[in-house]
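Down below are the structures I want you to see.
You will see chain A twice below: alongside chain B first, and alongside chain C after that.
Let's turn to the complex of A and B:
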């Protein structure tokens, strides 16, 4: 039995590689498979949500929980819109600039709020989110509660004119990939190890010479920059932005993307979580009114029965299986 | 000059004086034992030296440098490592990763080089991994390197705690009750290890309840009671010291006959 299990697991690994390649090809050719623009729109929003979920997960990797991710998404979106519409910059310049501006604002806010981790941080990020939405709504030159309309499409590069959703899809796919690569490089470096040690045991981490404040601030800035990046994309993709899109409610959704997939999986967790949260309501075809109730219900069940998220399921099953096997073995040895 | 000098150190928690006007010196490459009954201020002393608590009054200098007011990570960077009373580990990580995390401040390459996975940074990481194995072998945990820390028996967890502190390559090592909860065999292993660490050129201060072990291990002993130093000297001197016996067993006069 055990031998069979071991053989199966190595087989599974080689299968995993082929599965990965097939999945990559499907993702690249997705525009050919999906015919309706609505489906493409869903997929593009899914990619945005994945990046937002990953930014939440990055803060979680240092033991910080944010309910304010949408605020930095908003800052990126508004900054980009202003840069392009008022300062006549090219979208391709505004995209990285919006991300940098978001990072700078995160640096200023983070310097104050990162000092007090725990519940204080959760509340402060939430309040920041509320203030940002309220402030955007009050500022008349940013369109007030009506938001900014007619944000121009990205300037064409070479022959790509950004008219169809396919072009936007490849752009967001690139941004998603960029985020994944940068985040992965961070997690696998000693920065990631420092973050993990802070999350697991801040007291011990300190005695290892790790500057808690600086490393948490770094995570806060990078997470916010990625949110700002997709914020800029969102503004120019959707064409209109209004303050209420970026409410605390969205931040809670972003949090759910991370928790649903599994908080211990900083990259795959948000991916799976966003996938479920974006596609399942579509398949179920429930009304927008009951959808929050449904997702809330799912979340409660999940937190109770599978606190490690969907991705912890195999491990959970594995530990159940080994427990089962050892029980069989014990029975055999008794006979 | 002493390695670590403590002058007039006082720490109040509200109205309680956990430590009052403590003076002591720690010299290069010795093992100093700090003993005393519960609540004598031993752990508080560590937490001040280590930067977790600011003292109410007093001065602590490490190799001539005033360390009061520095943050815990800055003090760690100066070369003061510590282990904790309860098993304070990264419980979900493997033994190897626990010690590897401890290497954080020993990299010479800039942090962003590590982020870029530059060849030099990767090479440095590989050599760090080798050093992790050296530490694990030195402390006898090499065979357990892939175990999750959480699953280790208590004795091994305590040793792992010291391994993590060693990974920071400290010059002064503070051990907070390294022997609590250990059975006889584990205790003697631990004593040998501590001696071995000292021989490798490290200064060690340990706080401990186990009198017998402290007497055997330490070069010098300081006895605290109610936050004050009541005795200091060689193990032999401490054993015969009247004040120490009183502190641990109480005075005869305290026991007045109840029915008279």
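Let's turn to the complex of A and C:
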């Protein structure tokens, strides 16, 4: 029995590795498969959404729920646009700098708001998002409510000139991979374990010598930095940015990505969630008019019937199957 | 600054502030008793305004009767929403918040499709200007203030003097112990949701003659109410009252003296309060997610 089990598990593992490799090849060769620029645009936006969803999940892993992820996305985008257009920096310098600036702003804001967890944090991040949108709209030198237009493309490196969507796709793929690797390293390190223990029981974590404030602040800064990084990419990819793109609605959507995929899966959850949210309305071909109704309906149904998210489906099926089997067995024993 | 101008600004601030107080106290009631952070609260406010408009303007019912029936309609609607959605996930704050966001999206878009984007308005039920001494005040605003104060006193009576209010306070303190004392917690949850949301509906009806009615009005109002909650704290009704008045006054006086910058002033005040009291003026820091 044990031998069989071991054999089965190695078989499964090789199967998993094969699947992983095939998936990787498909993702790498996606520009060859998709011909229309619109589909490429969807995929690029999907990658941005995945990173934003992951930043939400990182804060959730410390027990904080944010509705302000879009604010840091906005800060990254505006910082990068200003650095490139007003200070004439190269895009490749502005990309990390925008991320660092976002991190610094997150440090200042975070040291004020991270102290109040729970519902207060939800409301405060939401209000920060509103403040950022309002402030960006009021500032005339940032273009006001019209936003910044004609943001230059990334400077060419070697022979890559960033003219087609394919080039942008490989760039965002690299950023996504970078985020995944950094986040995975953090989650599997001492810091990630501390975060998880804070989420499970803050008081107990505190008695074990974990400084709640510092660890939560760290998560807040890193999550914001990743949002700022894709914000910088978004500004130069899309060419124009305006304050209303980064409204609270976007933050709520980002939160839905996390909940939809499954909040216990910090990396896979947002991926599956944003995949669903981006591609399902596209496949259903519903009008933009009734899309929020559909999204809201899906969200409510999912929250009621599958509270663990889509990724908890196998587990839930398993538990349902066990319950069903035990019921059959009980019936049999009664006869 | 003349006395006349000061009184005008004061009355304006009080009128908008008291409306914020009404909506925010409903939000606090739902959050405290039913443990639902209700993102759809603004949509109930919008629904109240539209129901009042429909009864008053289309069916030509008396303004007060239409406000009262709009409140009842919203209360019934909220109870149905509670039974269909929140009942299954009660106690889980995050899931309830997510579900209410879904409801909010559905309602707002539903209203947009159903009622159209055009702005609607009601003729005022009160006319004229009241003069006390040599200070002129619009009767309409005074009526809003008085109505809101009366409703808040009624809410105080409901929570402090009646058996239902006692049950609500008990459930807010500790659900399980309250259930042990023989309180039907499920019913209290549903009633708290109905009462809290009907307050929003009532505010929508009262505000209908003052502002224009649009499908997006609920969203804008909800964001203002979140600021009220930050200023006042999430736990107590007193916090809601103080927060609502602070925000109303800041906006009223700020618009006169600073114009468009008054929003920034508001954010500054909120920032200062957050630095010194992270849980709001009347709130405590709570460690629960």
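One rule holds for everything that comes next: the second predicted complex is superposed on the first by the 309 of 335 C-alpha atoms of A that agree within 3 Å, B and C clash if a C-alpha of one lies under 4 Å from a C-alpha of the other, contacts with A are read in each partner's own complex, and residues count from 1 in each chain.
In this text, a contact is a pair of C-beta atoms (placed from the backbone, for glycine too) under 8 Å apart; a residue touches a chain by one contact, two chains touch by 3 or more.
Predicted model only: the values in this text are computed from it and were never measured.
By the touch criterion stated above, A:248 is placed in contact with chain C alone, chain B being left untouched.
With both structures placed on the common chain, the touch criterion links A:153 to neither chain B nor chain C. In the superposition on chain A, A:123 contacts chain C only, with no contact to chain B. Comparing chain B with chain C, the partner in contact with more residues of chain A is C. Judged by the touch definition given at the top, the superposed model places A:211 against chain B, while chain C stays out of reach. By the touch criterion defined above, A:131 lies against chain C but remains apart from chain B after alignment on the C-alpha atoms of chain A.
In the superposition on chain A, contact is made by A:186 with chain B only, not with chain C.
When the two structures are aligned on the shared chain, A:203 is found in touch with chain B and with chain C.
Legend: residue contacts after superposition of the two complexes on their common chain; A:316 is shown touching neither chain B nor chain C. When both complexes are overlaid on chain A, the residue A:300 reaches chain C alone and has no touch with chain B. Shared interface residues of chain A (contacting chain B in one complex, chain C in the other): 203.
Chain A contributes residues 185-186, 188-191, 193-194, 196-197, 200-201, 203-212 to its touches with chain B in the complex.
Here chain B touches chain A in the complex through residues 50-52, 71-73, 76-77, 81-82, 84, 88-93, 100-102, 104-105, 107, 111, 114-117, 121, 125, 164-165, 167-168, going by the rule given at the top.
Of all residues in chain A, those touching chain C in their complex are 63-65, 112-113, 115-120, 122-124, 126-127, 130-131, 134-135, 138, 199, 202-203, 248, 252, 255-256, 259, 263, 289-290, 292-293, 295-300, 303-304, 307.
If you check the complex, the residues on chain C that touch chain A are 31, 37, 39, 85, 88-89, 92-95, 97-99, 101-106, 108-110, 113, 223, 226-227, 229-230, 234, 260-261, 263-264, 267, 270-271, 274-275, 278-280, 283, 285-289.
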